[in-house]
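Okay, so chain A shows up in both of these, paired with chain B first and chain C after.
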Partner chain A sequence: MPALNGHTAPDLPFPVFQASAKVERYLLYDINTITWLRKNHNILGVLIGTLPQIPQQNVFLGLPLELQPEEARLLVEKGLAYTVNDLDWHTKDMASKTTTQIESIRADLHRDGIEVARELQKSKQKQTREALKRLCSNSFSTVSGDSAAGPDPQAQDDASEETLFADPPTQESTQAQSRLDPKPWTITPTTSYPPLSAPPVPSSPALPKVNPSSYALFAHLHEKDYFISPGIRFGCQFSVYPGDPLRFHSHFLAMSAEWDEEIDLLNLVGGGRLGTGVKKGWLIGGVEDKEEDGRDARDKVEADGGTGVRTFCIEWGGM
Partner chain B sequence: MTTTEAAEPSLPIKELPRSPRPNLGKLHAKPFPLTTYPLPPLIPHNPFSILHIAFTYIYQFIAPPSSHPKAPYQAYFSPETRSVHVTDESAIRALWESGFFGKGSLSRSEPSWLDREKRRRGLLANETSEEVTRQRRENRKKFKKDRARKEREAIEEKLKEEKRSKQSSGTATPTARARYEGVNGGPVESLAESIESLIVQEPADPPTPPPIVITQPNGAVEYHPSTAALSQAHNGAPEPTQQNMEPEAAPIKNQEHLQLTPSEAFFLAYGLGILEIRDPSTSRLISTPSLFNLFRQHSYFPLRQVSTLEPDDPFLLHYITYHHFRSLGWVVRPGIKFAVDWLLYLRGPVFSHAEFAVIVLPAYGHQYWRGSEALRRETEKRSRKTWWWLHCVNRVQSQVRKSLVLVYVEIPPPSALPPYSSRDDAPMDIGLFLKAYEVRELTLKRWIPNRERD
Partner chain C sequence: MAIDTTPPAPQPSALTSYLKSHALDGSHSPHYQTLALQILHNLQYQHDWTSLHIHTHSPITQKLLLRPLISGLPPHRIYVHPDDQVEELKRGLDPTKGEPEREWVLPTHLAEKWSLRRFGEVFGAVGEEPPEEAGEEDVSRDESEGGGAEGGPGRKKRRGGKRILLATLGDDSTVVYYIVHDGIVKPRQN
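Coming up: the complex of A and B.
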């Protein structure tokens, strides 16, 4: 497994899995890609995986990572990623496989399972050995007396270790026994490929569908090196961080709007209160209508970095 | 606009300097500006009480006393502000004290400008709620300033310590401070000294407000030291200077009027029948049906023609909700400061904070609204709200500890409403109109599983 420091770039472009054609959720399964994206491209996403035993878990979630549609779109537009219809690709790839290939995949998984079980058993044995050694150094006579007086068939496993400890030459025989023993663990691969073959890179990748105004604002803020996480919990579209959210509080609660959209006064009041109540700015932004303002606006757009997005911050006075 | 100002305003509670706190329960005993005549209590062992009840009953049967005031309160509609103004002092007091209707045009809620003005001139010693709030805000500001100063001092201390240790060790490792100096081009000490001198100065002098700077359009800046003195007096430290003594002799004219929202005004005029609303230009009384249509017209921007009014006018939705909650005994006040349509108070804003925040939403459940594709799209556009909006409003309400109530007003099809008549003063059954609507309430609360487990 590669080191998770985000230095090693994944093979570009990497696939982003869309759950199915109808479900527009974009998932990443590879932890290396996720750390690399976070470190180098300010892409956060949301970890959504729970432990299978604790489905009601709602903190410390793990893989997979769900990307916001805007994030997925940005990655595809930058040529870093391409979307893959997970359901289609999976069924197609499975159908194209011959029985022997599937069998070999299964055998691989089985081998991995045995490997894991063996590792676990080894570590268990080591623990037992160390514990016994400790006991032994405390009261050597008692332990050896016990083992000598214990012809208990129920303690078969323990007996092997005890004899091992007492009698080093029998080590090989115990290992042979343990090699037969372990029941393979069931392995659930965290990535879809491998074991499946990687989906082909399409020549013209499909762009994830996004709301144009919110995507423009997202791209604008992302370009300014902000970290952007979904803000639905806080009552806005995006919460905008000046650096990694692990180190910084968010500075802005962002909402996107069309340039000519009528905004209810009550919404402005609510947004202002919401932001100022938690010492943040409520930011509203949209793409400036270029046609109306003519040449002047275009110059501004050039200076703006080409996105043409203008943002405004609203604060509530007297709080 | 204020034409009928009372020469000698009668304020029974705040007449005396440093009068005791008004008995709020007694002052706001009536939920509406109406008088009720209950029968006297029945005392079983006292036969006279039965007689008393019989007498009262018969008397009220023969000559029923009016629960309404002798003459209806007068008000006029202001199309510029889309509100209804009440300028008569006694009407203002009656409307505020029983039912908490309206808001003072120069105050936060209770019309208290006159009291504040008197207090500013040293005539009255009672505190108004605005002053309490201002005091609270000043305290908060001071607290924050103190906290910032302490933090600064701690940093100073730390820097001095670091400097000492650096001098003792004699090494020249670039510290954060050294970098800061390099960036700013000036030593931190001088900055710290200037800050310290400011801090030392502050407690010695009474806080003087900064001189008001007026920037003129041509860019010239004028300083008004005289206004500083004025604002100092305004700050709550009345000093009988020459300037202040002079206007004391003349009685103060009340510059304030009561503003009613269209819903409040219509409830008083139609629901209770104690308010007469006049046209500001002609001073003619506006009849209830035409008032109804006038308010509906004015709930759009720009103004709409009467013939183009719709069954889901903003005024209609708001009035129906207002009437609904007033009928259930709540004190309903506008809630724009909390990003909602109405706030519900149990007894009134002077007794407790609002418990519920009400948002009015139209609901198009009737078959008619799904009749055609265009209608369906239009109604969806009108009733559509985003999840972000809902979370935003809900968070704002939980910050101020109110429960959010979504009120859905079921919009009837236009055919279910009484037909519109082109004649302005034609009799129109508003009751029949309002009966076509239905109100549903939905209370919303942010539920966090981790916090609500036990």
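Coming up: the complex of A and C.
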């Protein structure tokens, strides 16, 4: 069981899987990496996994974690991660496996499946036994001394248990054991690496494609230790949290723009009102075009940690 | 039967007469000047602002502004930084009763499009607090003391930095007011 407290750093750089070459979706499958990123690098992502039986599930989602393109880009730029085309690598690595290796992987899965099924069977039998015992003791207390009760049900139960349900004794032959084995469960491992070997680290990793202005704003806010999650649910581009969203409400609804991009005033009014209604500020920001006004702007850029992003916050005036 | 049944033309509205009574100078286009006057009228008579003044030139750079800006004193504080609010509550003060601060007002029309660059230029042209003006409600644009003390030497810096009240005029003469901060300023929790 891996430690899930986020203390253990994964092997760096770790792979970020691009689900398809056409659509840029970046996925993480390893829960340890995900908790470590959240704890140490303020990277949230969005859990998108549903239970196979409930594909329409929309709460309490699980693995995998989908990273926003901006998050993936940031991780690659910081040298923490590299992108891997999942399908390509999977096919390639699978093809390079020998039949014996594949067989052994399958055998492992089969064995794990049997293990799970056996555990489940055991606990079911235990429940049945306990239920029967309860039933017997109840009937004895109400109809005590009933001659029609036949042999002691407790004893009968114990006896049948021995013959039918006893754990397969170790001296039995493997053939007999496999005959007694329950139908194995189908195991779907959450990670493919292992059993597959992790893809090699490329010398110059491909950078995930991002919208330059939204990435600049993202990087600027991330640099200031904000947690950033996608904002579409709140009518903006990013919702910006001053700490982990599990502990804090968000402070800002953020929207990025080019320095000269025309913004409808109605959007500002609407955004400002939307934010104020939920005690947040509407934040717009973009990379300042600093050619125009020399020294001042350059000083500002240095103070901003080199991102050159300038932001404005809008709140309702209350009048 | 040539009885003239047309009712006499109604008297011009208070706003129309107000606009007519103020001659426009050539510093900005008539649209911007009228817009500023209409916002000023709204501030003065609907929101009880005082010490209203229209600035055509930046008090910092002395250059012509992008458009006329208004400075004025609201009847009560329009903005209290959340940290100040917490401090005042701890000291047992009522943050709504604090002394009002002079504000910059940026007149805009809803149909306009703005950009980050223009906001940056407006913020670059103003200080934290508008310069003190002699004479209340002096709209005659005398810029003789436009470059006065920017906030004054003894004045404490505003928490949250520069801010501007964005006044947006709708086609039906509604004016909405939004506070715009320069930089990341955490929101109020009112």
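Throughout what follows, the second predicted complex is superposed on the first by the 261 of 319 C-alpha atoms of A that agree within 3 Å, B and C clash if a C-alpha of one lies under 4 Å from a C-alpha of the other, contacts with A are read in each partner's own complex, and residues count from 1 in each chain.
Following the convention adopted for this analysis, a residue touches a chain if its C-beta (ideal position, glycine included) is under 8 Å from a C-beta of that chain, and two chains touch if they have at least 3 such contacts.
No experiment lies behind these values; they were computed from the predicted model shown.
I'd like to know which partner A:M255 touches here: chain B for first, chain C for second, both or neither.
In the superposition, A:M255 contacts chain B only.
Looking at A:P199, would you say it contacts chain B, chain C, both, or neither? Reply first, second, both or neither.
neither
Which one hits more chain A residues, chain B or chain C?
Result: the larger residue contact count on chain A belongs to C.
Tell me the contact category for A:P69 with respect to chain B and chain C: first, second, both or neither.
The answer is neither, since A:P69 touches no partner chain.
One more residue to check, A:L266. First (chain B), second (chain C), both or neither?
Both partners, chain B and chain C.
Which holds for A:L274: it touches chain B only (first), chain C only (second), both, or neither?
So A:L274 only meets chain B here.
Per the contact definition in the header, classify A:I284: touching chain B only (first), chain C only (second), both, or neither.
second
One more residue to check, A:N58. First (chain B), second (chain C), both or neither?
In the superposition, A:N58 contacts chain B only.
Which parts of chain A are in contact with chain B and also with chain C?
265-266, 269, 318
Using the touch definition from the top, list the residues of chain C that touch chain A in their complex.
Of all residues in chain C, those touching chain A are 47, 74, 78-79, 108-117, 119-120, 123-124, 165-166, 168, 176-190.
Mind pulling up the chain B residues that touch chain A in the complex?
It comes out as residues 137, 336-341, 387-396, 399, 449-450.
Show me the residue ranges of chain A that touch chain C in the complex, using the header's touch definition.
Checking each residue of chain A against chain C gives 221, 224, 242, 251-252, 257-266, 268-269, 272, 275-276, 279-281, 283-286, 288-289, 292-293, 296, 310-319.
Report the residues of chain A in contact with chain B in the complex, numbered from low to high.
These residues of chain A touch chain B: 58-59, 231-237, 255, 265-267, 269-271, 273-274, 277, 318.
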